[in-house]
Amino acid sequence: MVAGIIGATGYAGAELTRLLSGHPKTDRLILSSVSFEGEKIENIYPNFLGRISLPLLKAEDVIAGSDVVFSALPHAVGEPFALSCMEKKIHFIDLSADFRFDDDEDTYNAWYGKNYRFPDLHKKSIYGLPEMNRQMIKDEASKGSVIIGNPGCYPTGATLGILPVMSSSVYDSSYPIIVDSVSGTSGGGREPSRSFHYSECADSVAPYKVASHRHSPEISRNIAVISKRNGTESPKVIFTPHLAPMNRGILSTIYIPLSQNCRVTPDKIEEKTNEFQKLYEDFYKDEPFVRVLPKGVYAATNRVRQSNYCDICVQIDINGTTLIVATAIDNMVKGAAGQAIQNMNILFGFDETLGLNAIPMLF
Amino acid sequence: MVAGIIGATGYAGAELTRLLSGHPKTDRLILSSVSFEGEKIENIYPNFLGRISLPLLKAEDVIAGSDVVFSALPHAVGEPFALSCMEKKIHFIDLSADFRFDDDEDTYNAWYGKNYRFPDLHKKSIYGLPEMNRQMIKDEASKGSVIIGNPGCYPTGATLGILPVMSSSVYDSSYPIIVDSVSGTSGGGREPSRSFHYSECADSVAPYKVASHRHSPEISRNIAVISKRNGTESPKVIFTPHLAPMNRGILSTIYIPLSQNCRVTPDKIEEKTNEFQKLYEDFYKDEPFVRVLPKGVYAATNRVRQSNYCDICVQIDINGTTLIVATAIDNMVKGAAGQAIQNMNILFGFDETLGLNAIPMLF
Amino acid sequence: MVAGIIGATGYAGAELTRLLSGHPKTDRLILSSVSFEGEKIENIYPNFLGRISLPLLKAEDVIAGSDVVFSALPHAVGEPFALSCMEKKIHFIDLSADFRFDDDEDTYNAWYGKNYRFPDLHKKSIYGLPEMNRQMIKDEASKGSVIIGNPGCYPTGATLGILPVMSSSVYDSSYPIIVDSVSGTSGGGREPSRSFHYSECADSVAPYKVASHRHSPEISRNIAVISKRNGTESPKVIFTPHLAPMNRGILSTIYIPLSQNCRVTPDKIEEKTNEFQKLYEDFYKDEPFVRVLPKGVYAATNRVRQSNYCDICVQIDINGTTLIVATAIDNMVKGAAGQAIQNMNILFGFDETLGLNAIPMLF
Amino acid sequence: MVAGIIGATGYAGAELTRLLSGHPKTDRLILSSVSFEGEKIENIYPNFLGRISLPLLKAEDVIAGSDVVFSALPHAVGEPFALSCMEKKIHFIDLSADFRFDDDEDTYNAWYGKNYRFPDLHKKSIYGLPEMNRQMIKDEASKGSVIIGNPGCYPTGATLGILPVMSSSVYDSSYPIIVDSVSGTSGGGREPSRSFHYSECADSVAPYKVASHRHSPEISRNIAVISKRNGTESPKVIFTPHLAPMNRGILSTIYIPLSQNCRVTPDKIEEKTNEFQKLYEDFYKDEPFVRVLPKGVYAATNRVRQSNYCDICVQIDINGTTLIVATAIDNMVKGAAGQAIQNMNILFGFDETLGLNAIPMLF
């Protein structure tokens, strides 16, 4: 099988290149880059020397020669390529935000400042969080070519932490769920800027885009969709991103207010924590990439480094009113390229873990 | 004036030594150390070579020769020295938790597993957060020698972020305030351990002691005291500490649920944010060490590095229901040694900023 | 094939476990640990959860059940296990220094302070730097079981940088070769200590064990052996290790004095640099794990991260008298576990790259 | 006294601003910036908020109002301002390379690609390394206004490590001195670029500009000048810079070949090391900012952080042929702004340590 990557020289594109190079079903890769067209990928990423040597072509060349296309372009430029793929009847997996909001153009427009160029494409695209939409992806793939809106990095870690708990008897939708996340720097991409200049972000932690990050509506939408499926009321979500001095990883600490009948007195906190531990373990027992950690082990970004895992730990707070969930992902893998490949595996009916079997490196 | 430091070789003790060496009113320092008695401080901290050369004596020698005593000992061992200081009628500033809970021995016992050895001492000790208790410190100092329970690092950043908002018309006490904090490694002290082993904590972020950190009851108590003073009901507090790969600094992101009459529709968020911006600016306008940042500037730990500042920024969330406050402190200065010196300055009637005038180093 | 790892819970042992888990020829692993006997490896390294679940047994159990044994024990304790393996006629690959000095017990004793317990074992052991001793390893393996002394991390990077140049017409043996190396922290192992305490080693670079590091005699010995093979005089070596705030990697900058006839005037520096570029490229053209970088690309530890590569760049200095070579390795892979597996592959006649095909992660 | 800073918004300019704000003799600062003219410095550096509030003016305004002018401009643009200062008869301290080469326009041109615009200015400028040229600075200041070429960061650490040893009986000038240096990222300045993009330089060490860094000729010139003063022959110098993931600091490891009569057999290495220890201690005994560390303590960049110190340690190598010297400086202080202030203190006859009394922060 030939896999194509449009926008291969950004960090997500390069990570796709690295991971797909080891995927047993992709015999060949075709890459494109606007910035570096005509050069070779290993000159942009000398870490690839001796292993990957591929020319950087035009997006059109990628589509023409591929059996599946990944787009790692910035927002608002990839729709025409999605259209071409649909016409050519091959799957299109988009790592930008363009296909994350289905046909909700208003939300997309409100947060990304653009309208859909081809609204019809968005009617059949699927939000590619497998733990949430796996069956839908499979069903659509059985009918023909599919556009996948690959989830944002923060929404992946946040949604996986909240998914199991969305049932009316457990949470209190009258108060917002709070998602407090800390990201490494690779999420900021390859382009140098003051915010990611070593001397200004090393040895420091700070929030950014408070109450204004574009992943807010994506998390809220996910929660709303899940609530609706479960026939429960959807809570509001408050999301605050922070930047920490690490290369990879997102740690999300999530505060979920419990419904009255679920709240406990201090002496029952351990018992209630155990209940939620079991709820999470059961919920994710068949998921290949979600690890509900044993009690006493906390989610940490270095325990998922380079892997497609989302690690989760749960704990009732000392007041007995709130479930505290922490999730850790590698933002470049489960938060971007790895999840895109997981989606490819589902679309093609491959074993979902193909090409994603790297064991996390602690350091 | 002679200042004494008991337990000078831990990180807080060494930071006291460094800062007091530059204090214009302390002509001389006397240091003690249990672990390194008989050695010299500059051999333990070669960064002091050529600037500070002092023998490490016994705690008794420190008390005998000093006009004020700082204790940077671990918890539960400093009470006898506090007693000696009271008998000698000199101020005792304790950086451990021993005197942070006034006469509430139950809470201290519940979280620190010890009883008070000299309960009477705790009846007159003062919790030394100047922005909360300055007048009390002054009043007691005018009557004689005082024991100061210097605040914990996390409670300092958390309390300063919440203080201005504790009035019934603003917050909703029926739901907990959430304090999500990220600390640098120096808070873990000088003793090597797996948690602070470079290869295991570098390039990673993780929560720790979720729903079980000893600073939880201290933050809760502070909120309760302030609420009581304001005649309002006290909200519960949920506190989650995280470790990030940086040497110094604590960034606390605080979520304060607004009362019904304070909540706003999305179109009024900016207006409401401006109101709180002004509320915070007014509240802290005379505080020498609290900087309410201009709108658009976020609190960041590298902007307060090596200084006694607490930087604060505020923002209403996108749902209009919650005030998001972020505070940044240097955990070794405002979170420990600097605040202790600020307390000394208050006790002696000095200008509160004496010896604490370092301008933050961005990098 | 069953691979055994004695001392599996140190960093080198854990890295062996991680890498061998993905090796296509090892169907099963057996692990031992003195410190954690009876526990399971995934509890010591939670990053392995869901992927590797193995009990920690006794060393004897490892030897009894394995077809090849890796020892990641500290120095001076592994000889009896080597003996057992020889008796059982299985290969023994030792990551400690015990078998790095062949039968030169004096040097071993001078630097490690121990005598050989079983001197005969050292007569047939082989120093396992494949680029230097591949044929010898193959030859001995064809005769029976072999003991491999897996090279030290610094000597690996240093020797590979010097190997191609050891011919009398090129270097000047009257002056020492200087090897100036910078290592990440994982080389210091898993045991917490002041030197690797985050707050004391982060954001800092310093030399350590100047003129006293145990890898000095190993580098010198390698140079002497190669010189002798080439019939040239052996230069002295000066080696200085430094610690830098990074998890993995060793960058070695090597200064090789050129012989009189090889020195050039400033106008010929580029030309001479090109000659050495070609000399290095030719020398390593068939090596699967050495990458002589294209001109203008410098060796950097993040370009070899998690891989078994040694990257090399060369340049004549501005005076025309010295060849400057820089090499970069991942100290845990090519500098330890990866190289050990490379040796296993050679011993068993496997493709040398089996299980070692990870593409370097830039970040 | 009014101090002026031209180019105040780069890192060196901001560090000058920070340090001069605490200088007891500078009552007022006047700042200029081309990039941010019309703005205020505290908006560019919010860490200054509440402490430094100054408008960014034109360079001409700075010169008109100041009693001494510091220029932190890039190379090749500051000469006209130097000329203005000379005409106004005030001292001009230049942190760029423009006045580091005295009247040796050829070397400046060869490495910086520019000619001198006002060659006469360079005839009376002084290279401002106080430990090398203090008397010259004093003498010239006694005659009138002076232009100081403040040394480069690498040359400062390198020259201070070599200075004491430049006497014919000790070193062997037939072989080059090797200076292998590792720098933090702040040396790269404030402008974002790929090389200093967090994700690409964190967790990695690499050489750069091998045999081509502009500080090479400056180090060589210093060695030549000192040799000439001592009537000895000047050795060549090989200099290799590296980048390490730390904010501040330069660690230079220097290899000085010993003359035949100075070389020792292995049994005399400790004795010879002690001799050099004493030689260095004696040489620097009156220097306020050079600390020859006690035996057994190595130079480390975190032990000089934020201070104007240069720490030095010495050791004879295991072959007895070479002196290994390691020096550590804070590249922003002794390597830039601090040394500039030290020069100001000398020019005005102030105590040389005024405004430079910060005690190093270990972390």
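By written order: A, B, C and D. Residues from 1 in each chain.
Methods note: a contact is a pair of C-beta atoms (placed from the backbone, for glycine too) under 8 Å apart; a residue touches a chain by one contact, two chains touch by 3 or more.
All of these numbers come straight from a predicted model, not from anything done at the bench.
Following the contact convention of this document, A, B is the list of chains adjacent to both chain C and chain D.
Each step here moves to a touching chain, and the least such steps from chain A to chain C number 1. A comparison of the A-B and B-C interfaces places the larger number of contacting C-beta pairs at A-B. Centroids built from CA atoms put chain C at 47 Å from chain B. Separation between the centroids of chain A and chain B, computed from CA atoms only, is 38 Å.
Contacts with at least two other chains are made by residues 11, 184, 186, 199, 202-203, 245-248, 302-303, 305, 362-363 of chain B. Across the interface of their complex, chain D is touched by residues 11, 14, 18, 21-22, 45-52, 186, 202-203, 247-248, 291, 293-294, 297, 302-306, 309, 357-363 of chain B. If you check the complex, the residues on chain C that touch chain B are 11, 184-186, 188, 190, 192-194, 196-199, 201-203, 245-247. Those residues of chain C that touch chain D in the shared complex are 175-176, 178, 180, 182, 184, 199-200, 202-208, 210-212, 216, 236, 238, 240, 242, 244-249, 251, 253, 255, 257, 269, 298-303, 305, 313, 315-319, 321-322, 324, 326, 328, 362-363.
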